[in-house]
Every structure is written in C-alpha cells, then in structure tokens.
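There are structures below to look over.
Note that subunit A is present in both complexes that follow, paired respectively with subunit B and with subunit C.
After this line comes the complex of A and B, so read on.
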C-alpha cells in the first residue's frame, strides 16, 4: 500500500503525541522558552497520560450516552406512532444546546456534587443536538424508491429500520457524532473547574501559576486529539459513503 | 388467479382508482396501460397491499389478501418497483437474496438461486454478484431489480414500468427475456406500462385505465378490433392498428401453399415482420420455413393485407 503524504503526517503526529504522553520530559527543551523564573517546564502535578485517558474516558462516556439517546429519539420520532413528538423532542434538544455548559455545571454541582458527574451531564446534554439533528436528517431524507422497495420485498418495520434505514443514514449520523465528539473534547476541559479529572487541570494550573508552558501542553493535547478523532471519523464516513456509491470514486 | 373486485382508492376527495374489477388468470401476463396519473401504480400496489384500498376486495387464489400480515403477503409476491429501487449498501448478490433471507432459506439454497437468476439474465455471477448497484449500467440495474423480485419463486410478479428507462435494443431484449421467464416458471405477471406497443407485445390481456377508471379489459386482438371508447382507440393509434394487429400472430398462421423465391422467413416471426420484409424487398411472396429449416409454404402480400383488415365484429 502506498502511503499518501497526509497519511504520513497523521501517523507522525500520532507518534509524537504518544511519545509526548509517555515521556513528556524529553520535550523539556521545546517548552523551556515559555517559562520564567525557573518554573517547572513540564506539567508536574499528575501524569499527563493519566489525565489524557481520563479526559478521553469522560468524553467517550458522555458521547456514547448522547449517541444512544439522540439516535433512539430520532428513530422514535420518525416512526408513524412517534411523529407527534417531533416538535417536542426538537425543542428539548435545542434547550440542551442553548444552555451554556458552564451554567449546566453550576446547576449540576449542587445536585450531584463535584467531580466527573456534573461534567458528564453537561457534555451529554451538549452532545445531543448535533447527533439528533443529523440522525433526523439521515432518516427523513432516504431515497423514496429504496424505502419503498424495502416495504415491497416484505420487510417488517423493524427490519426496514435495521437493514435499510439505519445503514443508509449512517454516514450522516456519523457526521453528527463527529461534531459532537469534537465539541465535547474541547468542552470537557471546563469540567476541571468542578474538579473533574480532565486535561483542563493542566490548563487551569498553568493559568493559576502564570505558566504558559502548562497551558500550551494541555491545549495542544486536546487540540491534537480533536483533530485526529475528527479525521478518523471523517475517513470512516467517506469509506461507508463510497461503498454505497453516494460519493464519486476518486 | 387474482380477483380484483370493486376496488376503489380515494385520497381525500380525489378518487384515484374507481370501482375497478378484473380477473387475472393464472400463468398469464396482464398489462395495465394508461396515461400518467391514471392510477396504474396505485391499482397494482393494492394487490400486495403497499396501498390499502378504500373499498373492495382482492383475492389471490380465492383467499382475501388481507388474511396475512402485509409483510408476509409481500414476501410471496414479487414486486419490481418503478425505478429499480435496489439497496445501494448491499451487493448485487445480497440484493437478490433479500426475500429468500427474509423467508429463512438456508445459505446454500439462496446462493444457488442467486447464481441461477444472474445466469438467467446473462450476468456472470462471479463478476456481478459482488458488485454494488452503482457499479452497474441502468439496464443491468433493471435486470437485477427483476431478479430480486423473482428470487423467492413467487407465483405472482408485479412489475411497474420495468423497461421504462431502457434503450430500444435492450428493451426488446428484456421483453423477450421476460416472456421466456414467464413460460419457464409459469409466473402470473401484472405489468404496468405507458407503451401500447409493449402492452400488445407482452400481454395476454390488456387493462386500459384512464382517470382511475378501467375502460377496457380484453385481449390485445379485441382491443385493437373493438376499442371500447375513443380514448382506447387513441391509445391504440389508428395509424398503426393494422400493423399491430399483424404483430399478434406468427407468420406460420398465414402460410399458403406454394413456393417463392429468395430468402425465407421463420414461421415463428410475426406477420408484421413478414409483411415488412415483403414490402422492403419488393417481392410478392416469401418462403416460410419451420424450426427445422424445412420449407412449409409461403406468405404473400395479398394474404397478409387481407389479414390486416378489421375483423368482423
């Protein structure tokens, strides 16, 4: 297989990230110019690798929850019996989006205490809308001859959903998940204001001690993760779409 | 046998199919013709209950088609949808295998059936089976649509303008394929088309629809000879009528004793083809040969012209 340049760049960045997380001290010279007064160069209040994994875990749990609920909701309101709930569910999910995550955190803390829980709630609510909207678009814009054929060959409602509608809507649904993950990767840093273990800790520590190197380390890890996950999911969407002939081969 | 009895479909105030009754004999081809919006598709879709009628009954082999749940009924009735409707995310082989899978056939039987059908439509199973629908030409997609409808060996096949999008050459090839398949499996076929020529060529019986009404339901010869209304007459096309009439019977039926010079025509060719050949080659008579290639007599311009005139009512 011939690797194209972007693929090499991607692998390079991934390797760099892994090495940095495993051996951050190797990178001390790179970040040294950003610190003053002999302040520590590399984040030293915990393991970067550990924080990154916890950060990813928080985002994964919240996004998985949001994905399940949003897709279930989209399926429900696109069935004949659920159509009347369409406007209601739309506005509910919209509320989740218009509420700033900081406000959700502030409201959730008194209810569930400090730590990961309020962060999960905020990320979950925040992740719902893109997935729901996309799933709805995907499920309501299927080619009519294909859905008709699914009925014509004798599929039950459930079979049509599982064998035809969801697979065909998958690229659009995946695009929603991708948006949601990317937003949540960044938003999760705020969780550290309520003591969730995320990469936000590194950034906050940097801001408090006026240590630009810390801020940059936290920011870079989050940024690189977001770009790579975005990229990976895009590639998956393209693969599925191409197989279905929805994209031109090229 | 399909008995359609006083079937009516209304959408709100609009009556789309109005009190239609007709009986389709087993192992025959019935063609529904009519202008766009005349209710052909709707009538057909009430047979497999993709559309529920407002009033009336449809019976298949004596049994009301509402006895089974809709999805089970549809697994037994082949349906080639208007505009093939193949599943874009499934391969050609998987598309054809859909109904057998829903019916729980084992893999060996399904695979064998898929190969059989692909070969039947002159598509190599090894080459075309693993392809996706977008990797086929329009004509190939159409054939896969029909193959999918035939996969579970249904007794009844509904076809909605199956040849609409095909060029004339592929189209007549597809028509011949359909006739061969119908003979081979003895399938009862109901086919919708805009094209009177196609209806006359394929149909044992033709149902002419206009504005939701069934204007005439008769054999092609009867419709040509005695169109029930002016609309049917227009559809038949008065200018083409004698030629269409000749196209209904084989040259073998018009054979007269005697011999003739020049290239022979097979007895199975239509009388229209025979007349065309006579006119084109400027001969007064043509020799006719049977399947074995043996001369069985001749056809003459005079004889054919007599046959092309309106039959006594």
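After this line comes the complex of A and C, so read on.
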C-alpha cells in the first residue's frame, strides 16, 4: 500500500514546515489561544530547527547501520553456508517485532547509560527487523527461472547476487527501509525521555509544564516530518521499480 | 558427529557469559552503583557447580547435530535452572535481615537466557508444533512462571521488591494497560469491519479511506497523543456531558482515541484484502442459489475472509500492547508508568517491572492469535501435512 499525496499539497506542507522551523515566531498568533497565564507560546528551550536536525541525524545514523547489517545478515542466511540459520531467522524476526520499541529503548539504558547512545541502540535494533524481514522475502522469492538463467550463462555466486538477486529484491528491501524509518522516527521521539536530543523534548516539555502550545508544535513537526518522509520514500520506490521495469524489458 | 553452526554461536555466547560477564549485581541500596558478582560467587556452593553442569550439558547438546526434541528439552532445562537459581543468588547475596540491599540479574544472566532462548526457538521452529501444542507450551511456561512467583523464590530479587512496594498500583496499571489495548481493539473491530466491507463494495471510497488511515499510521504515537489533547480538551469543555463520560484532554481519552485510530488501518485493510480474496466462484454460487446480499456476506464472504481479518486483529493487538506503554506520558496509565518512573529515578528494576510484563503480554498475545489464525485458515490442514 503506497501513500499518494497530490503534489501541490506536498509542496505546500513542506514550505509551511520549513518556514515554521526557520521563523517559528511568525506563527505565534496561531498558537496563542492554547497557552494560559502568559506562558511562552513558541518553544524557547532550544532551537526547533536544531532539534529537528538532531532528530533526523539520529534516525539517519541508526537506519543506515541497520540497513547494512540487515542486508548482510539476509544475504548470509540465504547462501548455502548460512542456510542452517534461515528457519531461526524467520522466527527471530517474528518474535523481535513483538517487543515494543519503548521496552527496547528503556532496556538499553542500563547497558549504556542515558543520552544519545541508548536511543541509537534501540533504533538500530528495532530498525533491523523490517529490513531483514523484507530482504529475506525479497531474496527467497525470486523467480526460479531467473536464477536458473543466471546460473546457465555461467555467472558465479557473487555475480548472481550483485547483478541479479539484489537488484530484483531491491523494491521489497526499500519498502522495508521505509517501514524502518517510520518506526525509528517515532522511537526517536520517545528517545527524549532518556535524554536524547530529539523533537520529543518539545512534546515532553509541554506535557510537564502543561503548555498545550509546545505539545502541539512538537506533535505537528514530528507528524508532518514522518508523513513527508514516508511519502518521499514511497515516491522513490515507485521511481526505482519503474526504472527497473524498463531495464528488464530492454 | 558434525558440529551445528547455531550451536557454535550459542556455545560462544554462553562461554563468554560464564567466563567474563557478571551473573548478578549486588547493591547496598536501591540507587547506588552495583558490585558485579560472577556466577560462582553469586550462588551458594551447591548451586554454582550444578548450574554450570546444566549449562555445559545444554551447550554440548546444542553443539552437535542432535534431534530437535533433545535440543528443546536441554534448552528448557537450562532456562528453568537459570530462572530458579537467579532467585537463589538473590537469597545468597542479600545479608540476613538487610532490607535495603538489592540484587538484580546482570549481563551474564541475560546473555545465558538469550542463548538458550535461541536454542529453544530454533528447536521449536524445526519441530513445527501444531497450534494447540504451541498454546500448551505457552500455558506450561506461564504455569512455571506462576509457580516461581507463588513460591516466593524471586522475592529477594530487586524487581519483586519494586513490585511489593507498589503491588496495588501495579495491578491498577495492569488493568488500565489491558483496557486500553483491548478496548481500542474492540472499538476498531466494531468500526473497522463495516468500514472495510463498505470499502470493498465502493471502489472510490477504498483509496481515500486507506490513504487517510495510512497517514495516521505514519504519525509517531507520542505526536498523535499530543495532537489529540487539544481537540479532546475542547470537546470536554464545550460539549455538554462529554466530561461526565470521561472525555478529557489528558489521561486515558486521548490515548484510547489514538490507539483506536492506529488500529483502524490493519483492520480495514485486512478486511478489504480478505474480501477481495474470496473466490469469484464462491460468490457466483451463492448468488446462484438465491442468497440475498446479507446472507452472502455473512455465510460466504465473512467465513472465507475470516483468517485474513484475524491476522489484522493480531497485528493490532500486539501493536497496541506496545503502544499503550506510551500512554503513561500523557497520564493515561498502563505499564508505561513504571517504565518512565524508572527512567526518571534511574531505577532500572522499576523499568523492568513495567517492560517485562509488557513484553510477556505482547508475546503471549502473538502466540495465541497466530495459533488462532492458523486454526481458522482452511489451508491449514493441507500446508502443515
């Protein structure tokens, strides 16, 4: 299921988000009715833009690490050498996904202490699962005619992997990465409860000081970011699948 | 005999856990830094070597190509020994009469638990137990856990000291957690299935509804909780009677609404997919024998689509049990209360008191509903034979 937003809506929301992050004070009248007793209207304990960038950086680092490790593991267990691990891998993915992300986050704290580290670990571990699952699906459901043909023309195992199997599995793997990013954006938000610098800070600060304006600002920025990124990645997947479709015909 | 590759991995993890990692941590009081204790130091003189022998035997069974039933038995024996003896370690390390001292499992214990859980998971995967058998294993594991808790073997462990300090609120939060997860699921099923049927019948509606639900699903939970506070607060203040039935800006109401919204997508999408998968011949036959639309829906379409719809319910339930933890941040209660309190007080045993029941609950829900999906699926008999 792909998300499709009209182009004009996409651009409008993106411009609004960028303007809000760069000049939040312009929006003060909009949020004014949500505050009481002259409480600050716009988040004032740090720059919203800076928090957004830190949030995105955390997600990017964790997802990049998870992608590399997950694809490597999926390749390993789908080769003859690692075939013994294949059934277990499938069960582990199922079991792992029943672990709530918050639990993973909270349990990483005793191991590494507060701050950025537990968040990165939780994001990495939790982000592994969807990518690994999809890479497994992609690499194990290739049409046998294609892999036989690759073998027939004398490709080595490595050539088959790089030139045939991975490119064919790419759309499914990308869908896994998109899922992983979506989950990680959400988990990173909760990461601020263990003192990571993310947008969750804005929401939590609002909840603690009973400032609805903060809560709504944080919630809207995170929500819009998540939807835009999901939408952007979906568009990229469509583009790549289309290009691959053309390559296959030509 | 040939070596088993997974067995090698398990032997390495177990070897490291026994030789280089602490088995338990002793702390003079709740929040000071702990002193790590090795396995032999943490256990009384009869128990240490016994546990080592059980671990060594289980590792050997895993290391060679042995029958899956033997591997399962060995891994369960090792897990049971670990779980029973961690309580013994707490008794052994706590000085008599000292009520401030805290003993908690340390990394070596968790690694051993992980290693043998891997062995058990692998053996279970290979044995492919039937759904009733899987439920039986779950019930037995639950009974074992209940037995250990009931006999008080873990009473001196730090996590149970946290529990006994707040036993009443633990059960209150537990019931809130379950109410949130199950209540929002029930609401989503009541609204989502008719909506799914409507989407199946009306092509134009389908794309729009699924698109909106997809966007909702993408919004991070805490953001959605936050966004809902304002409108619900407004409703409570301006709609007469709303506040009386418990609608408020913070608390359970926004958490319930958010979980309900998250639950809709899997329910509606799976209903649509399930109904679309009903064979054309079945529908034609139903029309041919003169069934009304209503009869066709309830006697043909729903029974055939049921396993797919149930899969949607499974996804929702596991997801909701996890997400309900976050409700604590907006005053909605649930096990998250202990997780976030624990994080705030840097009391990790309190975090565990919230996290462990959540994980167990989600895990049990997944096993039960997976079994139900498999039992209800008409292809079950053919594929598993």
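Following the convention adopted for this analysis, the second predicted complex is superposed on the first by the 232 of 250 C-alpha atoms of A that agree within 3 Å, B and C clash if a C-alpha of one lies under 4 Å from a C-alpha of the other, contacts with A are read in each partner's own complex, and residues count from 1 in each chain.
One rule holds for everything that comes next: a contact is a pair of C-beta atoms (placed from the backbone, for glycine too) under 8 Å apart; a residue touches a chain by one contact, two chains touch by 3 or more.
Since we're looking at a predicted model, the values are computed, not measured.
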> Based on the superposition on subunit A, does the combination of subunit B and subunit C result in a clash or a fit?
Replying inline: fit
>> With both complexes superposed on chain A, which partner does A:156 reach: first (subunit B), second (subunit C), both or neither?
In response: first
> Between subunit B (first) and subunit C (second), which does A:226 come into contact with in this model arrangement: first, second, both, or neither?
Replying inline: second
>> After the superposition on A, what does A:107 contact: first (subunit B), second (subunit C), both or neither?
In response: second
> Between subunit B (first) and subunit C (second), which, if any, makes contact with A:121: first, second, both or neither?
Replying inline: neither
> Does subunit A have more residues touched by subunit B or by subunit C?
Replying inline: C
> What is the value, to the nearest 10 degrees, of the angle subtended at the Cα centroid of subunit A by the Cα centroids of subunit B and subunit C?
Replying inline: 100
> Is A:175 touching the first partner subunit B, the second partner subunit C, both, or neither of them?
Replying inline: neither
>> Just to be sure I read the superposition right, which of the two partners does A:215 touch: subunit B = first, subunit C = second, or both, or neither?
In response: second
> Given the touch rule stated above, what does A:84 touch, subunit B (first), subunit C (second), both, or neither?
Replying inline: second
> When the two structures are overlaid on chain A, which partner does A:205 contact: first (subunit B), second (subunit C), both, or neither?
Replying inline: neither
> Quick one: smallest Cα-Cα gap between subunit B and subunit C in the superposed arrangement, Å?
Replying inline: 21
>> Show me the residue ranges of subunit C that touch subunit A in the complex, using the header's touch definition.
In response: 4-6, 107, 118, 121-122, 124-126, 210-211, 214-215, 218-227, 229-230, 233, 249-250, 269, 318, 321-323, 325-326, 329-330, 336, 339-340, 342-343, 346, 348, 351-352, 354-355, 358-359, 362-363, 365-366
> What residues of subunit A sit close enough to touch subunit C in their complex?
Replying inline: 1, 3-4, 34, 82, 84-85, 87-88, 90-92, 94-95, 97-103, 106-107, 109-111, 114, 182, 185-186, 189-190, 193-194, 200, 203-204, 206-207, 212, 215-216, 218-220, 222-223, 226-227, 230
> If you look only at subunit B, which of its residues touch subunit A in the complex?
Replying inline: 48, 50, 71-76, 79, 81-89, 98-99, 102, 132-135, 148
>> Considering only the defined contacts, which subunit A positions touch subunit B in the complex?
In response: 143, 145-146, 148-156, 159, 164, 167-168, 243-246
